[in-house]
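Same chain, two partners: chain A is paired with chain B first, then with chain C.
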Partner chain A sequence: MKRMRIKKILSLFLVLILLFCLSGCSGNVYTQADQQYIVSAIGFLNKSGRIRAVAEAVAVNAESTEQSVERVLLEGEGATPAESVLDLAAKLSKPLLFDHCGVILTDATLNREEVEKVLSYCEENKQINLAAYIVHSDDIEKLLSLKPMAALTVGYDIIGVIDRAQSLYGIKFFNRFYEVKANVLKKSNTFLLPSFEAVGEEYTISGSEVYSSFERKARLTNEQTALYCLITDTYSHGAFSEYKIASAKCFFDSSIKDEKLYIDLRIKAQIEKGSREKLLEELEQTANTLNLFFDSDIFAFSNRIYRKNQKVWKKIVSKEKEFIKNAHISIALEDI
Partner chain B sequence: MAPLTKDYSSVYLTENLDENIKIIKEIFKKDSTLRIRRIKLKDNVNECAIIYIDGMINNEVLNDSVVRPLITAAVDIGEKGKIEEISSKILFVNDANKAKTVADMLRAILYGDTILLVSGSSVALSLNTKGWRTRGISEPQEERVLQGPREGFDEAAMFNLAMLRRKLLTPDLCAEMLRVGRRSETIVFICYLESLADKQCVKELKKKIEKIDIDGILDTNYIAEYIRPHRFSLLKTTGTTERPDVVAARLLEGRIAVIVDGTPVVLTLPYLFSENFQSDEDYYLNFFVASVGRFLRFVCFFLAVSAPAIFVALTTFHKQLLPTSFALSVAQLRGGVPFSALIECLLLIFVFEILKETGLRMPQSLGHALSIVGGLVVGQAAVEARIVSAPMLIAVALSGISGLMIPRLKGVVFYLRVAAVLVSSLLGLYGFIALMSIFVVRVFSIKSFGVDYTASIRNPDFEHLKDTFFRAPWEYMKTRPVFNKNIIRARDEKDED
Partner chain C sequence: MKAKTNYSLHIAFLTAVFTLSNAIITLPFNSADDKTFLGFILAFFISLAANVFIVSFLNKRDFSNKIFFKFLYCALILLVLFEVLRSFALFVKFASEIILPSVSAFIIGAVFLLCVIYTFLKHNSVILKFSLFSFLIVAILIIIFFILSSKEYRAENIFLLSFPDISELVSQIYYCLIGIFLPLPIVFLWQKGEIGEVNKKASIIGFCLGGIFLALPLLNTLLLFGAEVSGELSFPYASAISTVTVGYLFSRMDGFSYFIYFACVLVKITVLLGTIKTLIKHIKS
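And then the complex of A and B:
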C-alpha cells in the first residue's frame, strides 16, 4: 500500500517535471501582451557592412487615460541578424513579442549570405511565426515609416495588400515563411517574393523579385509576375494587362536531343480567343528571355525535371545550369 | 450520560399503571409538553391513562376517537386481554399497535402517537393520532420545470412515501423502515421495486445505513456522506431530488431511494456521471428540444471549467494561437491592469462566487437589484478603473453563466475551474490538458454502488447513449439503463424471459 502511494507520488512528480519541460518556460519572458512590444514587421538591411534590423511594433500605452496602442519603429545593428535584433531589444523597456510578426522584409542591399542568414535566424527564432510573409523592398526604413493605409501597422497592411493582389491578378507568390523554406529545400532553390515600393506617402506592390539560391536574380513587373506564374504552374485565376484568365494549368515535359534540353510547356487556360495569340507570344518571350538572361534557373525547371523525368535529370545533373540556360522552351497554349 | 431511547429496549412495562406512568414521568421530567390524562372506565374497575406530547397530536382525533369512547363506552372488559378488548371494541382509531417495552412507547410518543396504558396490563397501545403540521406540497425551488408535474416532497417522510405510492400503484414497491441517529432516532425509508432493484445493493445499503453512528440525522446529506463510495471525491455518487416523479422514474429504472424524515430531499442510487447533465424536464418535453438542452449542458460544463483557464493559457503562453486582431485587442484592453492574468482571473472567479452565493441567500426581490449592482455596475466600474480587463471579465462571466446550466456539478465545476486556472497559468495548455486527462481518468475509475460511474458512456452505441448526450424518443427506450444483472432489462414486458 505504502509502495503504491510512493509510486503514485513519484509518477505525479515526473508528470509535473515533464509538463514544465513541455511548456517551454525556460529562458523566455512570459508576460501578458500588453507588457510587450508586439512586432508586426521586421526588416533586415545591410548598412556599411553591418546588418541593421528595423522592426515595426505596437505598444500599449498603459499611462494614457484611454486604453490606446501606439505604433513604434525600432532599430538595431549587429554583425548578424541575431545580434541586430538583440541590439534592438536591448534598448527597450519591454520584451519583444514576435508571435504576431506578420511580415519579414529583405532589402536589396543584402547579399546572398546575408539573405541566407536572415532566413536561418527567422527559423532559429522559434517565436517568429512560420506563416509570416517574406517581402522584398528597396527601402525598408522608408516603407515601415509610412503611415499605414488600412490597418494599425504597415506590416499588417502589407499582408492585406499581398492577399488582395494575389486574388486580383491570380498570381501566387508562395512567400509565406514555410513556403519559402519549402522552395529553398527543392532542387532549384528558387522563390518569388513580392516587391514593395514606397512612392510619396503611399506604398504599393511594384512587382516581384525572383531569388535563386538566396540571391536576388530578377525583378519582374506585375504583368511579368503573372506570366511567370503561368509558366511555373502557380497561377490560379484573375486578370492582368488585357487578359482575363478563369483558370490555368501548365503541363511540363522535357527531353534531351543532341546534348540540348527541350522543355515543352502545354498551358491549358480558359481565356478569350482573341487574346490567346498575344498571350502565347508574351509567354514565349518571357520564358526564353528570362531563362537566357539571368544566369539562373529562375523558373525552377530543374525541380520539375527532377520530379517528372529522372532519365533526363540524370543526363543533365552534371551540367544542370548550362543545360537549363540553353534549353529550348516551347510553349503551347490550349483551351480547356 | 443521558440514556437513549434504545437503552429502554430491555425495560418492559408492568401491570401496575402507576409504576408505568412513573417511568414515563421520570424520563420526561424536564419536558413540560408531555400530557398524561388518567381516565376511569365506565365499569369503575379499570383505569387507564393516555400519554402524548402536546402539539404533535391531532386533538380532535384524540378526543373523538380515544377519550370519548373510553369514557362513554359501556363495554365490559374482562381481566385477561384488556388491551385487545379496548382496541377492538372501544377505540375508533384506525391504527393501534402494541408496545411492550418503554422504548416502543417512547418512539410512539415522540412520533406523534398517543399511548394508552391500562391498569393490570403490561402491554400499552400506541394509537395513531399524529397531527403535526407540515409545509404542504409545493414546487421545489431548485427543480422547477416548465412542463410536467409540479409537486415536491414535504418534510414528513410518511407523506413523501404516500406521494411516491401515488405514482407507483404497485405492491412491488417496498419501503423498509429504519431508525437512524442515536438521539434523533430519525425515520429512514429504503424504497425500491422488488422485481427491478439489485437485492445485493439493497442489502449492502441497509447494512451501511444501520452502521451509521451519529447523534442525529437532519437531512439526507448526513446519510449520503456516510454511505457513498469515494467519500472524498468531488463527484457525486448519490443523486438527490425533491420531486416524487423523479424518484418514481428512478425506481422504475431499478434504482433505490432513501427517504429521510424531516427533509424533502430524497437520495437515489446508484448515480451515474451522465445524470449530472440530465434535467427532470427532459422527459416531459419533445425529445428534439430535450436533446438540444442535454447537448448544451455538456458544452456548458466544458466552458464552465475551461473558459478562464484556456484564456489565461492563451494570453500568457500561447499568444501565437490567438488571431492577431484578437491579440491586439486583448493587449489594448488589458493595458494598465496592475495584476497578472492569474490574479486577475482568480479575483474575478471569487467575486463571481460571492455574488452567486449572495444572490442565493437573498430575498428574491433584492436578488434582481444585486445582480444589476454586482454584475453590471461593479463589473463595468472594475473594467473602467482598470482593476480587471474586459476580455477576462467576459471569459469568467461566460464560465460562471455556463456553470449555472449544470447545478448538480457546481462543486466540481468551481474546484476544477480554479485548479485549471492555476495549472494553466503555470504550464499553459499542456497543464490544462494534463489536468483534464487526470479528471477524465478519475471519472472513469469511479463506481457508484457497484455500477461504473460512466456506464452510460463506456460503450458508444445507441443502446448506451440513447439517454446520455441526447434523449431518444420513448419508443426507442425499450431497455432500462445498464445497472446490474438482476433487473428486468426490457421495459416492454413482452420481451422478458
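And then the complex of A and C:
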C-alpha cells in the first residue's frame, strides 16, 4: 500500500518534470538552435518615409567548433513594420525566431501612426512575448551594433541595465509590452519609455521619453524621470542627484473651483531633512513646467481623476485637456 | 469479496477539474472590467446555492420512466453536444495558436480526438483516477505560477474605481454564470448515470475547490495585466504564464498552460460524452 502511494507521488513529479519539455520554443518547426536566427532585440525607425527594421539575432553554427555562436545584425525595409520584418527575413537562409525577443526599440523618427503600427505589429506577432521591454533610442542601428557588455547580446544587456537602473534610482518605467498596452488603454493614454544612448563603445540610459497617444511628447533626464515617478506615484526607493529616498507614496486629490482644476499632491517620503525643501522646489517646478509646456496630459492626471474623483471627472470630461493644462498643481512633501 | 471502492475524493476532484475546464484559459472574458472579480465571487455563491439544490433534486427523483423527460433528454443531448463541440474547438484553437503554431490544427484536433475516444471507451474509474491525478498537478501549477508572477503584481489593477453600479455588476455575474458555472450540472448528471447517485458532499467540495482554483488564475491575470489588457487577450492565463521567467534558464513556460488546459478539457469532454451516452440510454429505455 505504502509502495503504491510512493509510486503515485513519484509519477506526479515525473509528469511535472516532463512538462518542462513542452516549455521554451519547442512548438516551432525548427526545434534545433542551429537551424534558426534567435532574435534578442528588434528596432523600428523611419528612413525616407519607409519603416526600417533592425534586428539583433544569434545564429548557432553547429559546424564550427571555434565560433559556435555568432551575433548578427539584420536589416529590412517596408511600408509597414510587418513588411520590413518580412523583407528582413526573406534575405536569410534560416527562419527567424522571436520567442526570446526581449527588447523592442522605437526611434524618434517614427511618427504617431508608426509607433501605433509598431505596437500593433508586436501584438499580432504571437511569438513576441508580452513581457518584452519597449525601449526608446535615437540611434538604434549604432546601439545594436555595439559589443555587448555582459550578456550574449546587446538586447539582453539592455534588460539588465533597465532592471539595475530601476532598482538603484527607485524609478519604475512600466515599459514591458503589457504595461505599455495597459497604459495605452487608460484614459490618459500616456506611457514612459527608458531612453538609451550609445556613446563611443558604451551605452547607457540617458533618461526617458514620455509618450502620449502614441506620440513622443517629452524627453526627461534621469533626474527628471525620478521626479516624474514621484509625482505619478510610481517611485519605489533609491537615490538620485543628492536625494536618498527610502520610500515614497503620492496621495492625489482634485477639486474644481471657479472653472479651474486644482490638483493636490501629498507626497509622503522618507528623506533626509536637509534636502527636503530643495526636493519640494524641484518637484513643483517639474510638475508645473512639464504640465504647462507640453500640450498633453503627460502626468496621466486624467486617469487618476477618473479613478479617484468621479464627480470632478464628470465636470472636466468635455474639456479634459484644457482643464489639465491650466490646472493649479500644489505639492506638499511630508515625512512618513 | 472485493470491497467497493470509495470514489468520493475522485468525484470531488472530477467536479473541480470540470469547473476549471469551463474557463481557466479564457477567464477573464472579453467583457472584463474592474468589477470582474467581484462579479466572479458573487456568481460563485449564486451557483453554489443552485448546485446544492440541483444535487438534492437529482438524488430524490427518478426520471427514467416519464415520457415528458424523454423530450427533455433530447434537448439536453443537443445542449451537451453543443458544449462538446465548443470545448473541442476552443482547445484546438488554443493549441494551434499558442503551443504549436506551426502544426496544422487538423493534426492537433485528430490527436486530441483520439485521446478523447480512448478515455471515453474506458471504464468510468479511469476518468475518475485521471481527474484525481490531473487536479493535483493543475493545483500545484496554479499555485506555483501565482507565486512566481507575484513580483509583477499591481494591486491597483483590481481596485474598484467606484461603488459598483448594479447593472454593471449584474452583467459581470451573468457572464460568469453563463461562461463558467452553467455547464456544471452536467457533471452531476454524469454521476447519476455512471455511478447511480450524486455524491452530494464530494460534489459540493469539488465545486468549491474548482471555484478557488479558478479564482487564483483570474486574480493572477487581473493583478498582472489589469482588466483592460486581460479583456483583449484571447487566452489571458496562458499569456500570464508566458511572462514568467525564473532566472536565466526558465522562460516561456507556456507548456505548463498546455497541460493545465489539456487535462481539464480531456476530463470535461469525456464527461460530456458519458452524459450523452447516459441520456441516450434513458431515452431508449
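Definition applied: the second predicted complex is superposed on the first by the 304 of 336 C-alpha atoms of A that agree within 3 Å, B and C clash if a C-alpha of one lies under 4 Å from a C-alpha of the other, contacts with A are read in each partner's own complex, and residues count from 1 in each chain.
The working rule: a contact is a pair of C-beta atoms (placed from the backbone, for glycine too) under 8 Å apart; a residue touches a chain by one contact, two chains touch by 3 or more.
Treat the numbers as computed from the prediction; the structure is a model and nothing was measured.
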Which of chain B and chain C A:K186 touches, first, second, both or neither: second
Partner chain in contact with A:V60 - chain B first, chain C second, else both or neither: first
Chain B versus chain C as contact partner of A:K249, first or second or both or neither: neither
A:R307 touches, of chain B and chain C: first, second, both or neither? second
Which of chain B and chain C A:Y178 touches, first, second, both or neither: second
Which superposed partner A:K217 touches (first chain B, second chain C, both, neither): neither
Which superposed partner A:R266 touches (first chain B, second chain C, both, neither): neither
Which superposed partner A:H100 touches (first chain B, second chain C, both, neither): both
Intersection of chain A interface sets (partners chain B, chain C): 15, 19-20, 22-23, 25, 99-100, 127, 129
Touching residues on chain A, where the partner in the complex is chain C: 8, 11-12, 15-16, 19-29, 99-100, 126-127, 129-131, 176, 178, 181-182, 185-186, 306-307, 310
Residues of chain C that touch chain A when the two form their complex: 97-103, 133, 136-137, 140-141, 156-157, 159, 161-162, 224-226, 228-229, 232, 239, 242-243, 245, 250-256, 258-259
Chain B residues touching chain A - in the complex, by the definition given at the top: 315-317, 319-320, 324, 327-328, 330-337, 340-341, 386, 426-428, 430-431, 434
Residues on chain A engaged by chain B in the complex (per definition of touch): 15, 19-20, 22-23, 25, 30-34, 36, 38, 58, 60-64, 67-69, 97, 99-100, 102, 127, 129, 152, 156
